[in-house]
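Multiple structures are listed underneath, in structure tokens.
Presented sequentially are two complexes of chain A, the first with chain B as partner and the second with chain C.
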Partner chain A sequence: MPEASQKYTFCRTLLNGPSPSHVRELGNSRYPLAMYEQGLAAGESAYDHGGYINIPELPSGVGVRNSCRPEIIEESAYLRILQPAGGWLSAGTLEKLAACAETYGKSLIHFTSGGTIEIYTTREQMVPAVRELNAAGLDVGSTGNDLRCLTACCGPARCDAALIDAPALATYLGQRFIDEQQYPGYPQKVKSGVSGCPNDCTRAMMQKDHSFIGVYRDLPQINSEALLAWQEAGGDLKGLLASCPTEALVWTGSTLAVDPQKCWHCMVCINLCPAIRPGRERGVAWVAGGKYGHRGPQGPMVGYVLVPFIPIKDNDYTTIGDLFGAFLELWADNAQKKERVGDFISRVGPLWVIKELGLNAVPQILISPGRNGF
Partner chain B sequence: MPAINVGGIEIEVDEDGFIADPSKWNEAVAKALAETEGVTELTENHWKVVNYLRQYYQQFGIAPMIRKLCKETGFSLKEIYDLFPSGPAKGACKIAGLPKPTGCV
Partner chain C sequence: MNTPDLPAGIMPDYRREIPAGLLARQGSWIWHEILQPGVIRHLAADGSTLLTVRILLPPNGLLSAATLRRLAGWIREYALTGRRTSRQGFEFVGVKPEKLEKLLAELEAAGFPAGGTGKSLHQVKCCTSFVHCQNAAVDAPSIAKVITDFFYRDFLQQELPAPLKISIGGCPNQCGGGVEADIGILGWYESVPEVDEERFLAANIDIGLLVSWCPTGAILTRQVKDGMVVSIDADRCVRCTSCVQVAPEGISLKKRSYVDIAVGGHGGNSYSGPEMAAVVFTRIPARPLEYKAIIDRIEAIINYWRRSGKPGERLAGFIERTGWSSFLEAIGAGGVEEPGDKPSLQTNFRRDLHFRY
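And then the complex of A and B:
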């Protein structure tokens, strides 16, 4: 932190303690710490709400936060970079990104909660900065009424629970719908996430308009020998049986079984016990309409399961891409201005959407909601 | 109010460069407005978009929705941006002599 900032009482308080400090990072960059201090002192942010700015050549991926204290900083313009699916950046790419933030920005990089990367810069520096980012294999987008950056969990590249290759699916959709991420032509934003299994570590079902979740259609696989070894090593069988949300785990006294009518194919027992592994018949559940936002008649909502199981063969994601593209067209043609996907589906009804997409509606989940939806 | 000069005639524009009185628009004005938006030459494709916007505006009194513009002209949004680098609203609508759109274009 620069010497001059010794007067920043509130910011200095946030530097105390052993854990990493965001103020240390801000202070080590050219971020105007006076703005943050102003906000802390006043009890509300010194930044005003922002908007989208018109930069020729960059229809999307640019924006601005306005300033309530123009004497400190007039405005804070930013570039929004599409993060590679899964959230990986090699050290080399990170260095190029850092060089870009150093040359064109405030020497600061922001990994946003929405799964993108932002560099604060100026309007004039944006086009040359994007040229440099492009040379590093990165690109901007994901602002305004467009398809937002597709986020994914790490998938099988780093996780044993992965049922599908989440980053591969996100990359496929990201590449197929790159124009939709870079040219804002929709009635409202559309967020999408891919999770490799029902644990849904990306929280896609609750915060993304579209989530693609890896699921298994058959039953969890129980390895009796491994189960015995797990029990001998102190595994809590009683706790395991009690953990099942649908009481589908049945202990006969010597063997463990899964009640196929009750099991709803979550991951609870699988997470708890290494002797239980996910089923082998794997595919994608498509959930549409989730959002955290309080705007719109429905407020925050969990999405609708539009298709509970889309089989995937040989890493071919064309069917999912076709459905996704068809839905986006249907929504964009029929949604009201600023209507998020969740509000749209609840207004027109999921059955109408399913019919318009040419899918067969299978209502057994409504007839017997506790039963196996597959 | 700022103005642009078209063949010796001053045409008033608003603070964002949109024409103040849409009835004063003509092809020469379009060319002058195009230059302010980085469009040096108005090709046949530019005119296709501009004429559609004018026709829609004259009929309905507003700018069309962006998707309607794309569907009716047959250009993708990307192609619209290629033609008008500052986009359908700030670029195309301005050149077509529409007032500054408030909606989705």
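And then the complex of A and C:
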């Protein structure tokens, strides 16, 4: 531990305790710890409004925080790196990120809550740092009013619940819309995420303006032999039957069946019992408008379902890409300045969006028909 | 100069991060079980298995280059590849079963313990706040650190009724996701932003955007000799700080802040579908490192749920079963006035007669 962090009372306190400390990481890098100490001591951040800066070669992926304490640091610039979908990071990629942060940055990496990776650096080092990242197969983007980095859950490479190859779809969309991620030209930021199943572990429906969630349309598949083995091993059948939120699981005394009228195609029984597997007719539900922030007329909101089921055949994502692109164009043409997708759809109505995109509105997108004649 | 044009237009392909052998088994997984806290075993149809070890990272995913190299070293020695989780944690995927014990021991010795799976406290997600952001009202990483320290045992063992996710957002932007978690902590400014008319007039401010971006129409314009100035209607203002983002030169925040605590946010579509968390405690002081008031309230929430929750019942489902009135009473939350919505946004008042007492 460099002695620098020892002279800071607040930072020193945060080194204690059993859980890993961010101050230890900051202290082991060239991050100006005095700035953080200053913030903690004063009860307000020592950084000032900055923003996304324009470096001619780098229209996005670069930003700067101004400083209220220029004697410590004049300003703090950062690069935002597009992350491989699903957060997959091999040893080689981690080492390349470390090398880039050591050579061009402050020897510090930040996994952001939005699903990108940041390196704190200086304006002068940005272009050489990006060239080094490019050589390592990585690139920057995802700042300002642009399409933010496409994120995904871990997908079928590791997960037994994945209905679709979420990181593959995110990678497809990310590659097809790479210019939109690197040249800010939209009314406001637009975040997108892909989750492999309705469990939505990445909370894409809530956090992302656009989410594509893997869904199935037929019924959960029950393997009677496996069910028997599961029961013999102590599986709680009564608990399983009771767990279904729609009471769709029917036990006849010897076999288990799913009532097709009742099943709403969630993951509860599949999560609980290894003898029940998701249906085979798979696709994605398209949800738009989610956001966390208390900005805009709606504040934090869960997105609207625009299309409940877009089939995926043979890993062909062209239809989804076409729809995504068409929506982005519609939104860019019609949104007010700084209007997030959720506020936009709330203003114009999901049905207007669906009609403009030439899609059919299906009853599944409604909780009920309208109850107000106006 | 013979250097390629920037930007280079590279969206990294995740398949490059996964060894071919593992990628070939994609889609073969049919079940998973948690062997011990932090260790997940996936089973394939052919009977083969895959071990994952999930570890606790420092708050906010801040890692020195040296730590990044250690993670890489552990992958090279013990696993096939790694991934950062959507909650700012980290997982080693494809851990060699014969080396599992050694990896766990090394991780513990290095201070990155395995845990946070199943019915435990998961990695606390938070925004960057005072480390690198100007808009933060409170410092989320230090709150995350103090919470993780206090409930550390619950990260290492799986004895809660269900998974517990805590997220912290330092300001109304909620980059940290305080609005979505089982327990969310939301940083707020106490007073409405203030307009410095002289500096406002001197700066070139987009007044149209300033007025239109305010969600409650609280920005009032007024013509003066040298141009247009604005004032902020304190009764309408919801302190979202949008105006400060548009006009940092002329509108500033008096830096007095507090946090709200919200419960019952959940993603996933199993029961009632994704829902934002509901605010149960408001105006809790959060001066850096003086977080006892926050910890006490979170402890009251967790203890009540721990005592009375059924196995597998997330906080949201627990409250739905027992009812808000008894929940608020049990955790010592005040009357309705504070958690009630502002006049313009009455969406959470009852419109049926399903009273529970």
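Here is the rule we go by: the second predicted complex is superposed on the first by the 361 of 374 C-alpha atoms of A that agree within 3 Å, B and C clash if a C-alpha of one lies under 4 Å from a C-alpha of the other, contacts with A are read in each partner's own complex, and residues count from 1 in each chain.
Please note the rule applied: contacts are C-beta pairs under 8 Å (C-beta built on N, C-alpha and C of every residue); 3 or more make two chains touch, one makes a residue touch a chain.
Worth saying up front: this structure is predicted, and the values here are computed from it rather than measured.
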Message = Quick check on the chain A-based superposition: chain B and chain C, clash or fit?
response = fit
Message = According to the stated criteria, A:Asp333 is in contact with first (chain B), second (chain C), both, or neither; which is it?
response = first
Query = Counting only touches as set out at the top, which of chain B and chain C does A:Val348 meet: first, second, both, neither?
reply = neither
Comparison of chain B and chain C by chain A residues contacted = C
Query = In the superposed arrangement, which partner chain does A:Pro59 touch: chain B (first), chain C (second), both, or neither?
reply = both
Key: Which of chain B and chain C A:Asp179 touches, first, second, both or neither   = both
Inquiry  = Is A:Leu40 touching anything from chain B or chain C once the two structures are fitted on A? First, second, both or neither.
reply    = second
Request  = Quick one: classify A:Pro297 as touching chain B (first), chain C (second), both or neither.
outcome  = second
Query = So, does A:Ile222 touch the first partner chain B, the second partner chain C, both, or neither?
reply = neither
Request  = For A:Leu357, select first, second, both or neither according to whether it touches chain B, chain C, the two together, or no partner.
outcome  = neither
Ask   = Of the partners chain B and chain C, which touch A:Ile73 in the superposed model: first, second, both, neither?
value = neither
Remark   = Shortest Cα gap between chain B and chain C in the overlay, whole Å, is 6
Note = Going through chain A, the residues touched by chain B and also by chain C turn out to be 57, 59, 179, 182, 337
Task = Could you please specify the touching residues of chain B with respect to chain A in the complex?
result = 37-38, 66-67, 70, 76-78, 81, 85-87, 90, 103-104
Ask   = For chain C, which residues are in contact with chain A within the complex?
value = 3-19, 22-23, 25-27, 29-32, 42-43, 50, 52, 56-69, 71-73, 75-76, 81-86, 88, 93, 111-112, 125-136, 139, 141-142, 145-146, 148-149, 152, 155, 169, 172-177, 179-180, 208-209, 212-213, 215, 238, 240, 242, 244-245, 248, 255, 257, 267-271, 273-276, 287-289, 312, 345
Request  = Would you pull the chain A residues touching chain B in the complex into a rising list?
outcome  = 54, 56-57, 59, 145, 179, 182-183, 185, 187, 332-333, 337
